[in-house]
Each structure stands twice: as C-alpha cells, then as structure tokens.
Amino acid sequence: MTLKKSSRAGLLALAFGILLGLFLSVASFDASYAQAPAAAPAEPAAAPAAPPPACDATAKPPVLEKCTPNSGDTAWMLTSMAIVLMMTLPGLALFYGGMVRKKNVGDTVMTSFAITCLISILWLFFTYSLAFRGGTPFIGGLDRAFLQGILSDISKGIGNPNPLAPTIPETVYSMFQLTFAIITAALVAGSFAERMKFSAMLWFIGLWAIFVYSPIAHWVWGPDGVFNSTNDAAWVKVLDFAGGTVVHVNSGTAGLMAALMVGKRKDTGPAHNMVLTLIGASLLWVGWFGFNAGSAVSAGIQAGMAMTVTHLATATAGFTWMIVEWIMRGKPTVIGICSGAVAGLVAITPASGFVGPMGAFCIGVAAGIVCYWGCTGFKRMFGYDDALDVFGVHALGGAAGALLTGVFAVSEYGGTAGLIEGNAGQVLNQAIGIGCVFVYDVVVTLIILKIVDVVIGLRVPSEVEREGLDLALHGETVQ
Amino acid sequence: MKIVMAIIKPFKLDEVRDALTSIGVQGLTVTEVKGYGRQKGHTEIYRGAEYAVSFLPKIKIEVAVDTKQVDKVIGAITGAAKTGQIGDGKIFVFNLENAVRIRTGETDAAAL
Amino acid sequence: MTLKKSSRAGLLALAFGILLGLFLSVASFDASYAQAPAAAPAEPAAAPAAPPPACDATAKPPVLEKCTPNSGDTAWMLTSMAIVLMMTLPGLALFYGGMVRKKNVGDTVMTSFAITCLISILWLFFTYSLAFRGGTPFIGGLDRAFLQGILSDISKGIGNPNPLAPTIPETVYSMFQLTFAIITAALVAGSFAERMKFSAMLWFIGLWAIFVYSPIAHWVWGPDGVFNSTNDAAWVKVLDFAGGTVVHVNSGTAGLMAALMVGKRKDTGPAHNMVLTLIGASLLWVGWFGFNAGSAVSAGIQAGMAMTVTHLATATAGFTWMIVEWIMRGKPTVIGICSGAVAGLVAITPASGFVGPMGAFCIGVAAGIVCYWGCTGFKRMFGYDDALDVFGVHALGGAAGALLTGVFAVSEYGGTAGLIEGNAGQVLNQAIGIGCVFVYDVVVTLIILKIVDVVIGLRVPSEVEREGLDLALHGETVQ
Amino acid sequence: MTLKKSSRAGLLALAFGILLGLFLSVASFDASYAQAPAAAPAEPAAAPAAPPPACDATAKPPVLEKCTPNSGDTAWMLTSMAIVLMMTLPGLALFYGGMVRKKNVGDTVMTSFAITCLISILWLFFTYSLAFRGGTPFIGGLDRAFLQGILSDISKGIGNPNPLAPTIPETVYSMFQLTFAIITAALVAGSFAERMKFSAMLWFIGLWAIFVYSPIAHWVWGPDGVFNSTNDAAWVKVLDFAGGTVVHVNSGTAGLMAALMVGKRKDTGPAHNMVLTLIGASLLWVGWFGFNAGSAVSAGIQAGMAMTVTHLATATAGFTWMIVEWIMRGKPTVIGICSGAVAGLVAITPASGFVGPMGAFCIGVAAGIVCYWGCTGFKRMFGYDDALDVFGVHALGGAAGALLTGVFAVSEYGGTAGLIEGNAGQVLNQAIGIGCVFVYDVVVTLIILKIVDVVIGLRVPSEVEREGLDLALHGETVQ
Amino acid sequence: MKIVMAIIKPFKLDEVRDALTSIGVQGLTVTEVKGYGRQKGHTEIYRGAEYAVSFLPKIKIEVAVDTKQVDKVIGAITGAAKTGQIGDGKIFVFNLENAVRIRTGETDAAAL
Amino acid sequence: MKIVMAIIKPFKLDEVRDALTSIGVQGLTVTEVKGYGRQKGHTEIYRGAEYAVSFLPKIKIEVAVDTKQVDKVIGAITGAAKTGQIGDGKIFVFNLENAVRIRTGETDAAAL
C-alpha cells in the first residue's frame, strides 16, 4: 500500500517533469527561430567588412569560426561515444545486476536504463550547458540550454567547435560528455541497490545530476573551471584526464551517503549470477577505451598512449586482486577478478593521459590492493552497507588513481611532471581537488537525500524488500 | 508398496541411480531441493557483506518399490550415497497405497 | 512426424539452394576472369589519349574514377557496419529472445542468426545489386551480382566509389547496407515467434528479402529510385535518412501479415527473462548510432547531429513509455522502458539527418505514446497476435517518425524545410511514401506467405508448440 | 585437500611472479630516466647539422622519424583494438561458457578473463618485444621490453611508428597485436575445460605465450620473420593476413596437446545454455572485423575488402554447417550454426586480405563442412576429448583457410596470385608454414605441459570435477 | 483424506489442471522434476562428445483430496495426461492423516 | 514419526525456519514449487497478449519429526507463515514408517 501510494506520488511528479519538458521544448523552438533571423543579417553585415578569421584552434584565444571537423578525430569520437554508452548499457547494468539477488536483478538493471534516459533529458535541457559552457569558475552558463545554437551551421558544412574539442563538431563532444554524466549517476545507484524505491531513485539521481555533477564537472573540465589544468586562471591545476575525481570520487562519495541514509539491507546473499557480472566487467573494459582514449578528443598519439596505459593498468589490477583474494580467502573468484579489473580502470582514469606503461603497471597493482581492502577490511571497519561497493571501488580507487597521477606523471607524455620527476607539488594539487569534491559532494548529496526522504521516502517497505523488488515494483521476474 | 524418499548430496546422484538400477529398480523421480540440517553451511563474508549460506543444495530421490524390496533399496542408496561426512542425507519410507501407470492403466506393483 | 517430414522438405530445398549458390559462384569466377583481360586493354588505350578525369564527387554527374577513400570517413563506416551488425547479433536476438517463453528462446535467437547468414548470401548473389545499383526507378540492375567489379582496383590503391558514398570504398558501403537488410528481415520474425516452422521461416524471409526489401530499398535509396529525395528525377521526394519506411514500416507491415497468416499462439505467457531483453535493447541503442549517424556515410557534422538526435529521441521515448505505463498499469516495467527506447530509435530513424535536438525530443515523446498504444489498445482493438509487436513498434513508430520528419525538418540542418518552417507539402510526400510501401508490402508479402504455406506449411504442429520449439525443432534447452 | 595444497602452491608462485614484475618495473623506470637525458642532447646536436629525414614509409628502408599519425587510420585501429578485445571478453568467454555444464560455467568464463590479464602483463614485460621487434628470423629483440621507448616523443606531437604500421602510433599497434595474443591463448583453454586446475592453467598458458606464441608470431609477422611474406629475406613467403597459422593452427594444436595430456572428462553433458554461446559467437563475429579488417592497419580499400570477405565467408559457413547438420542429424541447432560461423571466421582469417567475395564464399562452404567433420567424425575417429573443439574448429579450420588462401588469392586484390591464377607454388608455401607451426607447437607445448604436470599437477581431483569447478575452485555458483 | 501424486509429461500440465478443476478440485501443487524410467532418454553425440540424457523433464502434481474423490481424481489425471506413449508417467496415492489451512487454521477436509 | 509438509509463501521461508529451529527441529528440506488454489493469480495483459498467471510461486517444506512433536511443529509453522491473506498455504501430515541417516545408518527417531 505504502508502495502504491509512493509510486503514484512519484509517477505524477515524473509526469509533471516530462510535461514541463515538453512545454519548454516548444518555448525553445520559438527561441531558436526568433534568433535565426537575428543571426542571418549579422553574417552578411560582417562579410563585407572583413573576411571572418580562419579557424585556428591553437591561437590564444582560439579562433573557432568556420572550422571543418577532422574526419579521423570525429570518427574516433563518434565511436567513443557509442562504446562509452555501452559501458552503462548494458555494461554497468549487468555488472551490478549479476551481484544482487535474483529477486532484484530486474530493478537493478532497469535503474541503469532509467538513469540513462533521465540524465540525457536533463542534459538536453540544461546540464550540458551548466557543465561545459563558460560562465563562472564554479558553474557554466545557460547559452546552450536545449542545445540551442549547437548545430547552427551544418548547412554550410562547417561548425563552430567547442574550444575544448577544436577538431570535432560540438554535437559529438556534447554527446560524448553526456555518456560520462550518465555512467557517473548510474554508478551511484550500486550503493543503495535492493532496497530503494524506484521513484525515490529517479528523484534523487535527477537532483544530484543537476546540483552535484554539473558543478563538479565544470570545476575540473569547464573552460573556466576552478581546477581545470588547462585554464591559466585556475585556482589549483588538478590533473584529471578522464574523470578520477569528477566521475569516480564523486559517484563513490554520493554512493556512500546514499547507503548511509537508506540503511542496511534486511537480508543479503551471494551474487546470483557471476556470468552477468563478467559480461558487464568485460563491456566496461572495452568501453573504457572510449572513456580514456576518447578523452584525448582526437585520434592520435595521446589517444594511443591513453589506450595503452588503460589496458595495462586494468589487466594488472584484475590479476592483482585475484592473487590477493587467493591468498586471503583461499579461492580466486569471478566477482573478484572482475572487481579488480574495474578497480584498475577506475584508478587509471585520471592518469591515462599523463603516465607511461610502467606507471600504469604500478597504478594497477595499487588499485588491486587498495580496492580489495576497500571492499572488505575498510568496509567492515565502518560497517556501512554499500551494496555493490561504489565507495570501496570508485571513491577509493579514484582517489588512489588521482594521487598516483601526481606521482607517476611524466612531462614528456602529458606535459606535466609528477613526483617521480621531482614535482611533489602536483600530488598536493591532486589532494586538494579530491578534498574539495569530497566535501561538496557529501554536503549537497545529504541535503538532496533528506529532501527526497521527507517528500516520498527513500526505502521500500520491508515485505517488498523480502519479496524482491522485481515482482513488487515492476511485476516481472527472471525465470 | 512403499515409497522410498532419499535426500542425498548432488554429486552422488549418478552413483545412486546406478546402484538402484543394478538391483532392478525400473524408475525413479528426482527433485532439486535445498537442505537445512546439522551440516551448517558456511558464512560467506564477501565484499564486506556477511551472509550465511544455511540452505545447501541437495537432491531428493523418490522411488516406489514393492514392500519386500525396501531393505535392498535402502541398502543400495546408503551404500552409494555415503561419504561418511556430515550432510550425507536421509532416507524416509512411506506407505504407498496405490500406484497407476498412466499409459496402460495398470495398477499396484504392475505399475512400477 | 509431420515435423520430421516438413524439416526434411525444408532442408532438402535449402541444400539445393546452397548447391545452386556454389555452382553460380564458380560460374561467376569464370565471368570475372573473362572480363579482366577485356578491361585491361581499355585502361592503356584511354591513358595516352587523355589523363583520366580527376575524382570529383560533387560534379554533376560526379566523376568517381581513381578516388582515394577518406580514411576518417572510412574508419567511421567500418565501425558503423560492425555495430549495426551487433544490433542484430546479439542485440535483436536477445531483445526478442528475452520476451518469449523459456521453451522457445533458442529458436527465437537462432532465427536472427540464421536470417543474418541467409540475407548475407543473397546479398552477395544479387540483392545488393538489385537494391543499390542504377537500373529503373523501381529496381536496380545486376551489374554487381556476386559483387563482381566491386573490388576492381585495390592493387592500384584507388577505388571507384559508389556515387551514393563518394568518400569510402564501395565494399564498405555494400556491407553497411547489408546490415540494414539483415535487421529488417530479422525484425519481421518477431511477429510469428513461438509457432512458425524453422524451415518455413527461412523460405519466407529469403523470398521476402528478394521481392519486397530489394525493390523498396531501391525506391527510396537507389540512385534512380522513385522516392529518392536526392534524385532530381524522383516522382516524390521522400525524406528517409536511415530507414523509417524502408526498414521499419516495411518490416512492421510484413510482420503483421505473417502474424495474421500463421495465426494466434496456443498459449502465451510473460517474458521469461527481461534481463536478456534489456541487453538486447541496450545493444540496439549502441548500434543504432552506426545505423543513423552512419547513414551520413561520413564522419562529420551531419553524423554528429544524427547521433545527437538519435540519442535524445531514444532516451525521451524510453522515459515517456515508462511514465505512461506507470500511470496506466501502476508499475514501470523493464520490458516497457526497453520497448520505449526501441520505439524512439525507430521513430527518429527517418528524421535523424533532418531535425534538431528539440525536434528529436518531441519525436521521442510521440514515439513513446504512440507505440505504447500500438502494443496495447490498438493491438487489442484488432485482436491479432503479433507476438513481439513488430507492427505496434516498428510500423507505427516508423510511420509516426516519417510523418514527424516532415513536420520538424529544419532546412539549415538537413537541407529540407518541414512543416514548422512552413513547408506543409513535405508531410504529404512522407505520407505518400509510407502508403506506397505499405500497400506493396501487404500484397507481395501475402503472396509469398501463401506459397510457402501451401508448399511446406507455415506452422508447427500443436504438440510441438506446447512442448516448445527449442526441444522439438533444435533438440536443445536452456538449463 | 589436494586441491587446497595445489592452489596454495599456485598462488604463492603467482604472487612471486607479480612481485618480480613490480621489481622489474622499478628497474625499468630507472632505465627509462637514465636514458632520457642521454636522448635529450642528441636532439639539438642533430638539429643544426642536418634536418632530420622526412617521414617516408614507402622508402626502402622506410624513414619513420617524426611521422604524424593518420587520424583516420588511427581511429580505425583504436576501434579495432577495442572490438578485438571484445572478442575475448565477453565474446569467447560466453561462447565457451555456454557450452560447458552449468557447474563449470564460472570457471570457464573466468579462465578467459584471467588469461587476458596474464597475457597483457607478459606483453608489457617482454612478449611484445620478442614477437614484433626486429631480431633474428626466429625471435625478436628485447629493445621494447617494458614497452620502453614506445612513447618517447608524444610531447613533440610526433611518433616513430613501427615499420609494420607506418601510419599509426606504435602504442596502438602494440595493443592491437596484444589482443591477438590474448585470444590465441584463451582459445587454447577450450580444449581442457571442465577439468584443469585453475593454477595449472595459469602456468601453462603463461609459459605457452612466451615459448610458443611469441616465436611463431615473429616467424610470420616479425619484420625479419622467416615466413613473413613482406620480408624479402624470408625463407618461405607464407600468406597469413590475420592469423590463420599464428592464431588458429597454433591454438588448435596446443589445445589438442592439452586435451591429450589432461585426459578425458569423467562425465559430460549437453551445452547448458546455448543463448550464452550465441551471444559469444555474435560478439566474435562483430569483433572479427577489427581482427581481419584491422589487420590492414589502415582504414582504406584493403580494410573494406577484408571486412567484406570476412562477413561473407562467416555467413556462408554458418549456413553451411546448419544445413549439413540438418541433413546429418535431422535438426539444426543453435550450437551448430554458431560453430559454423566461427569456423568461417577462422578459415577466412588468413585469406581476408588476399581473396575476393566469391573466393570467400567457397572458403565459407569449405569451412562449414570441414569443421563439422572435425567436431564429429574426425574427433570420434581419434577419440580424444577436446571439450570445446579447439582443434576441430581452429586447427582444421585455420589450416583449411591457409591452404585455400593459396588457392583463391587474386593478385589484383592482395598482390599475390593463387592457384586459380596459376600460381600453384603458393599452396605449397602455405603448407610449409602450417607444417612448421604444427611441429614446433606440438613439441614445445608437450614439454611445457609435462613440466606443469610434474610441478603442480594439471588436473583437479575427481570429486571436484563431479561437484563442479565453480563451487570447488571459486566458491561461486550461477543461480 | 489422500494425497494423489502424479508424475506427468510437462506439456500436459495445463490439460491435467483443467481436468482436475472441472471435477471440483480446488487446489494443487506442482513441482518440476526429472524422471528416470522405461522411457530411456536418448544418447546425444554432439561435437564428438557422447552423453546419455537419462533424466527426462517431468512435472509432479500433488493434490490433497477427500478419500471418496480419489478415484475421480485418478480418472481425471489419467484421462488428461495419457498420450499412450511410453513415459506418460505414474500416479501414486498416499494416506493423508491431517491437513491444515494456514490462513484460517481449519483442518481436515475443510482445509482443502 | 510423521512427515509434516507445508506449502507456504516464499518470503516467509526464513521466518518459518527460525520458528522451527527454535522448537528444536534439527533439519528440513525445502523445494521450490508452483501452487494453484483459491488465490487466483492475476491476468496480465501486456503488449496486447493476455495471459493468466494461474500458478504462483510457493515454497514446500518437508520436516520429519517425532510423532509427539507434530502439534508443536504445526503450531510453529502456522504462527510464522500466516499473513491472514488468501494463499498462505497448507500443512499436510503423513505417517513416516522409517527413517535412516545415511552417514551413520542410524534409524527412526535417532536419524532425524
């Protein structure tokens, strides 16, 4: 009954959201056509005066008018977007789905799917603009709300690329970054699996994407972000090639907060199907090349190096976890080697553009050991019920990776020297970045969770939890 | 007639079946079950989550046999299913009042 | 027994088919080597006279001799072919396989696999040539039968690209289009799942690919096709960027005919494994970027825009279906959100090169609502047993998308204005295209089905249906 | 108990291995930084004297200094690496996992995963260098041990590509080739599935990769390899575009040896889940485009042709196997059509750069028939227990494909004429290549197996085999 | 009261259930089992590996009924489950000493 | 001795097991079954296809106990499994003629 009520609450609210969206959409249409004529005259007006400057991404400030995309870079980024989406669907869905009990697998995989849809709609509306357009050092502007202007001159066969991605169309860059926003949100959901209301999950994740992910992404990657290492005006230059802090520390921390707020599961049990988990881990591995090598936003030497270190760190971490587990528990498990590989992927993410093969190897070994401990000793120490170890793997792994990036960075690879080249300061920078993300995340996430809990309640009734979320919330079961 | 119902360890199934056919049992029915008993299962502590695997996979065998065969059947099952370790299982015997072979309509012993 | 006999009939016929193929193959070898010398002298003969014209794809008529492919465009199209194949194998196989009963999942997934093989062989033999080579406005020629001539001058490092794809090798274009032919045929099979003979399925699909798919593909995409919007001589210019009519209206209509001819299932039941369905829907989503963005046949701004609208429409439709279902039935289901996402993919397909982000959003909302109704109210209204809703999702979704393309097309994106820019006529063009495809499809598909039914019978005996096709037809079961 | 002991043995040994790795890693760091300064002065010194030679991959010897990678080729190779990894994870893992009994599926899929990790670490340490760097005709040098030097000048935005891959960064080439080394090793494991100790498997595969795979890869693909058809100094020019001998004859032969050494399974049963097998076969098919078309190491006409023949041969072989099986056993099976497709992929692998579409068709038909026989009649004839038919499909299919490459090669496609163009000698070359690989493989593999058997034992105790490897070795089960 | 336990071919389940409800049976319990008997399974020889599929999938139905209904029940099951081919299955009858409906605590016939 | 067989709602299993152990029951065997009864299941109409889910998932528990314990056992099960809603299930009691512990060969009460 409680359930029924809450669902209704949730769905009405959701229906409202979508209708709002529709309305806004129409609005924005008007907008875009209102501006079209406005823009048109501008062109000819400018033309006679002086020929528009040629495209020059390297100039400071870069001239990005009338650039023709590089077809090779664009090909790689189109591919990267597709395979990074594959990391979440079906990758993460299965990685998580295999580790829950059979009675909850449907709810778990559907959570990843619904989050993908929700985050994409918000991205279209305003989160892309908030995260990646210039504005303040803390949050971007709204000039790309509803992605208006992003496609302004296809018909002329030329684009105005984003300064962050000068050789590809901004549409591709936006979609590529969307897949990062999606998986970050989907990762969070692992911590409260098997017990949160589906409606509460949608509200929590939606608000979190707006108030936590967007600003943090802007801090680190926004053109004028406060931590952006390529922004000369940055307060602290934090190295985060593909999202150690933005994606992993961020999702892991939010996950921990959610696990604490929603509480422990009534009953637990072993992973119901480690084959699903292995499929998921494998697709995460494959897709992660788009994630890390794609973060070079071009198909060249840096992408090649990123792919290399990504693969090597992952293999090393998977193997390390297996060995550690074999020694500690007497048996190597499928869940273990898969978790280790994911730990390696997480840890190499911030480092992938900055370190070399042997640095990757060391990061892999560290990730395997640290995250194993994070999912066992560390977790038992504090006694929280982070169902699928989002904190142990992503927050700890991401933090370890971010710090080790400051250690193993080699200037001839990524332009910045790390501790091994004598630049101890970089490690400090990394620590500051991690700390700020952690603190902001903890505070805002707790506020959001509290609000959702008060309004519709976070947790399913215990009989629903016993019976299983699949049947109770979705009316489906795996036979 | 009697029904002999035995709960055994899964990997013993083939041996038990062979033992039974060797003493002339013509048919039997097998069910996958979960058992709870003295064999206390283990507590897994993985990824921090601690859970007790209290129900262990077992196999239930049901054989309808003629009354005078019962002891031979019990002997055959015990012989084949025994490992001497806790959890080997149980054999239960019930009285079977009637049996029918659906295909032919034969009843009682003839139906087995 | 009936079964046995029919199988024998089928396999003998099939064996015959393959032998025929073998024979033809040898024949064609002779052919190709016969012509080789003939071609050789031509070259030098031409050489002294005048240097061959330089490659110029934009000239009218385009000069396509001695073109060197663009490596970036080629990279993207190679990738697109691979991921579009992944849409069918394992994507569609799992999407369908999860929705049938457990006793039929093997037959269902094998159907997709066998269709992939069969359609590919026919493509090699003649269907590629019939669909994509110049000929009449209604059907192409046979000059590429057995793909002869397609690889004529690799050794010189240059190609003679297809005018439809000037910057990539024709081999790649042919394989890319093959993956469309494959999935279209595989989609049809969802309607008669769980009850059609495997042998009858092969005959029906094979004949359908020859007599229905090839001509319709030629109408819309053939260089001289009657509906090809890039063909100045076209009767009606229909916008169909990636296959709303050719793929979806087409397969959905054929599916409906098949469902009617083969009749209702004896017994039905809930989807046996929604996790498989979710994996399938996810891979369809991922692969669809190759389908739509790949239809730009280049890695540039249009591809980027196509990818953007594809993703946004899909996410919106999945979310919309979930909300509608939540309101109507009280519970959001995994099958539901997956079906919604597929509906969005279907509806955006014809529009993907022509509309913008907010247009995609509206198309997504429409797809979610229309297809939900198509699978429930509409279907109950007519009472046919389209097992996996090929008509409700693909025909209705495809038609809706094709019409809305005429509404939301923006000239600065795709070169053609739609209703929102005041060009009401385009909506009419779209309707004509849909109508012609529908009518032709209905007639020819029914004829083919009738023939197959008479010759070997369409349906399995009822005891086979009860026992399950996996065990009865294939001797396998999922444990 | 035996089990416990052996595991401990294995894991201690493995722990040792990884520690060794760590130590070496540090060592190599010193090395690389030692050399860094050494390299630095060289540059300026050279500069004034004379401008470094321009990049010219076609010159003999090719000048490969300061080459800027081609972004399109690089994009395709990055993609290829990712999808070839997908062939093993999750592709091969599932293809194999579906065919074993349910009690062993976890061990089977984990074997593929662990092999991927292990081979990658060895690759980093020295196997890449041994296989692909110049040295002797029989084995390469160690100048790329720990991949040192591979990334030496990213910061200058230029690379020193491998002569084998002049238009892409060597990092990408190295990772691409790594995925071949991975799948070759993982394929071997199919033969001894369901009965080998996990620890023994790791030792066997690790040693095999070093002593068998590396040299054989060098023979055929190493710049100065004894069989490399592009090496003018080669003893015999063997055509092997993507690995018919190196990958398939090689893995199949090793598999047979392992099956013989480890002995027959105590009990066997039908494939427990043909849906997993179908997913695996599908992903193998999709990824194989990276394998074969990727072996063109560029995104151009040759890649397009390779993709075309790969797809056509696969579809033909799958269909052929299905028909043969239907005639011979009365029923077409899911396992059958999947095995046929894989057989086609195997057989076309060596041919993919050299034959045309109809040649591919003939190779497909041959593969379907030969491998069906290899898995049934042939295997029964010799009575070995090759659990998942590594020999029947990969060794026989690979050999058939390698020989038919010599038959159907067309000079205008791949530069070399085959029997159908009158060059009977090529068939002989192919046979010599196959023979040498087979003999070397048999001898060295048997030695390795013997050693491992003596030291830790190859086979699990029979109660473990009865209970299932999942529970006994890994403490996990699929519910 | 008696318990009638029938082992039938899986695809006959719906027909048997309908037959039973038509004679007024209010409830029954179904279990998926594996059967071994005269119907000797087949030996698969696939990909060289030869294995005997000796256990065939069957369905076990348990119905608690009032003693005087037993014959009607047996008749209904036999009628619906019979194909005349080997492997149709068996019907076994036991004595049921007591029955309780958990919801209400009713006992004996009232509980059925 | 008697065998007490109970059909209960799946999510009640843990509670029932605890109730039984608390009264000293040492072991039991559990089977996943499907039940048909007054609790009439629902008709799903999804994607147009209408189907009746007439068989509901249930859990069957079998406990062999000493005759004098039977009532306590029935009480424990009823107490733990009852929700008061239709579909709570049944308890059936049979006579158990003999029991053997495979590991030791002990018989009768000693075997339980």
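Note that the chains are named A, B, C, D, E and F in the order they appear, and that numbering of residues resets to 1 at the start of each chain.
The rule is short, and it goes like this: a contact is a pair of C-beta atoms (placed from the backbone, for glycine too) under 8 Å apart; a residue touches a chain by one contact, two chains touch by 3 or more.
Keep in mind it's a predicted model, so treat the numbers as computed, not measured.
Peer 1: What chains do chain A and chain E have as common neighbours?
Peer 2: Common neighbours, chain A/chain E: B, C, D, F.
Peer 1: Express in whole angstrom the distance between the two chain centres, defined as the mean CA positions of chain A and chain F.
Peer 2: 47
Peer 1: How many angstrom between the C-alpha centroids of chain B and chain A?
Peer 2: Centres of chain A and chain B (C-alpha means) sit 53 Å apart.
Peer 1: Going by the touch rule set out above, which residues of chain E reach two or more other chains?
Peer 2: Expected reply: 31, 44, 94-95.
Peer 1: Could you say which residues in chain C touch two or more other chains, in rising order?
Peer 2: Residues 70-73, 75-76, 79, 83, 267, 270, 279, 299, 333, 335, 475.
Peer 1: If I apply the definition of touch given earlier, which pairs of chains qualify?
Peer 2: Once each pair is checked, the touching ones are A-B, A-C, A-D, A-F, B-D, B-E, B-F, C-D, C-E, C-F, D-E, E-F.
Peer 1: Which residues of chain C touch chain E once you look at their complex with the stated criterion?
Peer 2: 267, 463, 466-468, 475
Peer 1: Write out the stretch or stretches of chain E touching chain B in their complex.
Peer 2: On the chain E side, the touching residues are 2, 6-8, 31-38, 54-55, 58, 60, 74, 77-78, 81-95.
Peer 1: Which chain A residues qualify as touching chain D in the complex?
Peer 2: 70-73, 75-76, 79, 83, 102, 270-275, 278-279, 281-283, 285-287, 289-290, 293, 298-305, 307-308, 311-312, 314-316, 318-320, 322-323, 326-327, 329-335, 337-338, 341, 356-358, 361-362, 365, 411-415, 420
Peer 1: Can you name the residues of chain B that touch chain A in the complex?
Peer 2: 44-51, 53
Peer 1: Can you list the residues on chain A that touch chain C in the complex?
Peer 2: 4, 7, 10-11, 14-15, 18, 21-22, 25, 28-29, 32-33, 36, 68-76, 78-79, 81-83, 85-86, 89-90, 93-94, 97, 105-106, 109-110, 113-114, 116-118, 120-121, 124, 146-147, 150-155, 157-159, 168-172, 174-175, 178, 198, 276, 279, 299, 473-476, 478-479
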